[in-house]
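Quick one: the structure is below, questions incoming.
In order of appearance the chains are A, B and C, and numbering begins at 1 in each one.
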């Protein structure tokens, strides 16, 4: 299969200081749902900025949909890659949600009725259709994040990159965004999201890339990567509480079995171990 | 719990409406927060956590305007009768955005800012600065530029700047929301230490319930401007209505509730979760739990 | 650009001077620059300013500022050339005897450019070698300016780099939505700048609100202030202030004698 994003030998340093990225090699294929994790300053944002041409590789090469990202106009790449910034306030400036979402489409030069159709559809997808005429800065941070997401969705790009889409939000808003991300992936979008929230990673990602001080230290299926507690600790991350719980009980409850990622899995597993009857330790 | 301790903050039938709005952001809040306690406030966005915090540190009613009824008492004195500066001596404030609350260019100056405002004698400042910096563990950063600090360090600096003014109460509005897991851990470790070692009352709005479960004596869940639930974390998590309040439970708690509906001593931390699971399995080596909470 | 008016930490004589004497020096430079219009006098003045930057070990840090100022100086010269008509025509800017460049205009333009550079640089050196808190302290305590205004002004300066960084992020955010920030068409460019400016204003307002709360809760404006460390006035400071005064008097004298002024 032809890769959508292909990064070869990428290194990058900002003007002052140490290299932010060192010799990154990554390939992302169509249909993947990838989480990019690592502590603050690990280089996650720097890495994804290369995928949409905001930064140009100092060494190495980034190919997006077959085009060299360093040699392609950003406005051109924007037709292939949608990018949702960490802080939605960096982009929002229109006086209604609807206009905000339509802005990107106007830049693409689409006809008016097409724009209207796409905006309506995108707002429906993120569940904000009833707020189309509201002033965006009236909305909560979570809702503004979804406005930003809608404005990227409407551009109907093959790839969608989200930089910490759930930071600063409550648990319900986090789940709403991640459910949406999963639906988009099922509809065929290739998705790369950055997060610190390992519970969300465990629940939604299929592949995890771990960045530590500008290097990729792990890249594999979610289950594989989350089982490597030591490795995650290097970049000061911890698997979800339920995974830790299962690990600590290892040998007792889970002889030689797979890593537990979610509460559902743990419940199921305990039922299996207990021969199907769990009534709680006391009553 | 320090039930016998005198209340340091007390909400009496407090309601508040922002200017130009037609609904109450806080409705008839009655809360007594004892001195020396560690209290967490949680609830979905818009529940009123920030508004509650601002009512304690005097931003409401002194800066925000709007309409309020009822009272917030700080050591028995209504906030309406105190100036923000007077309140500032008693209540230290930390906000969520590590960038926007740092006023000065270097670490030392950030601490000095408050001290100078309050007219603290210069020869007393030295002592206060060293103590505040060392109690949040950033003495080594004293001469650094504030811009070169990590998120967790910035938040600890914000705490130190508040501490230099010797407050009895620290209020924090989602202080870890912009931080990574390490920064989050740094902040909560410092808060716990301040609470235990120095007896400072910590009032923190926070989304991460796993942390709250580990550190708080009391948990208050807000919903649409009202106190929906209050009690020890265990009591609160056990409550049936918790599922409708948009609060994520710690995973071990969720697991226990799923398995036996919370009929036993509910685990709320990892260690308790391990104990719980051991007891579940025949031959697991765990003591069977026979404490039952009402 | 982000590093224009920032304090640069170095160990140097200039850094250790009292802010008051540095301010006096900068004002002195301004006075001398306005007193004369002879390019050689002004060039001498500019080279002393550069020498002070060298002494303060901040010359390298001012390189970007210097570049910006040269462009600005070029524009000043050009404006003079276009609008000031002298007699001695040197050459024409456009073929066909359009836009004559006269010697007088060129001379005036140069004088103005050098004067501008000396003044601006001296103040930037003052800012680059003096900590904000010391500037605030001197302006309020010694010069008795109102604390509120001084603090607000200095804080606004302190947030300039943050503001610049935000501007880059906003520009990125609009670019990835296909907004042609990088296009050549001037009309589109103006439109594109609006898409950057608007979110920037909104973000800044939000930040300002947070900052106000942070200041309020830490006793800002609560009454009598104290100061942690007041910079001392040393012998060297006295010498700097004294010699600035001497130069000013000397300049006045020379000027009245007709030196350093070119009549055009």
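By our rule, a residue touches a chain if its C-beta (ideal position, glycine included) is under 8 Å from a C-beta of that chain, and two chains touch if they have at least 3 such contacts.
According to UniProt, the chain labels map to these proteins: A, B = Energy-coupling factor transport system ATP-binding protein; C = Energy-coupling factor transport system permease protein.
Just so it is clear, the structure is predicted and the values come from calculations on it, not from any experiment.
Listed by label, the chains touching subunit A and subunit C alike are B. Each chain's centre was taken as the mean of its CA atoms, and the one lying most distant from subunit A is C. Centroids built from CA atoms put subunit C at 44 Å from subunit B. Averaged C-alpha coordinates put the centre of subunit A at 29 Å from the centre of subunit B.
Counting partner chains per residue, subunit C has residues 206 touching two or more of them.
Of all residues in subunit B, only 43-46, 96, 150-151, 174, 177-183, 207, 210, 246-248, 250-252, 254-256, 258-261, 263-265, 270, 273-274, 276-282, 284-286, 288-290, 292 touch subunit A in the complex they form.
Partner subunit B is touched in their complex by these residues of subunit A: 39-41, 140-142, 167-173, 196, 198-199, 236-238, 240-242, 244-245, 248-249, 252-253, 263, 266-267, 270, 273-274, 278-283. Within the complex formed with subunit B, the residues of subunit C that make contact are 7, 9, 131-133, 155, 158, 161-162, 206-207, 210-229.
Residues 54, 57-59, 62-63, 83-85, 87-89, 91-93, 95, 97, 99-106, 109, 112-122, 125, 145, 147, 158, 161-162, 165 of subunit B are the ones touching subunit C in the complex.
Remark: subunit A residues 49, 52, 54, 73-75, 78-79, 81-83, 85, 87, 89-93, 103-104, 107-108, 137, 151-152, 155 touch subunit C in the complex.
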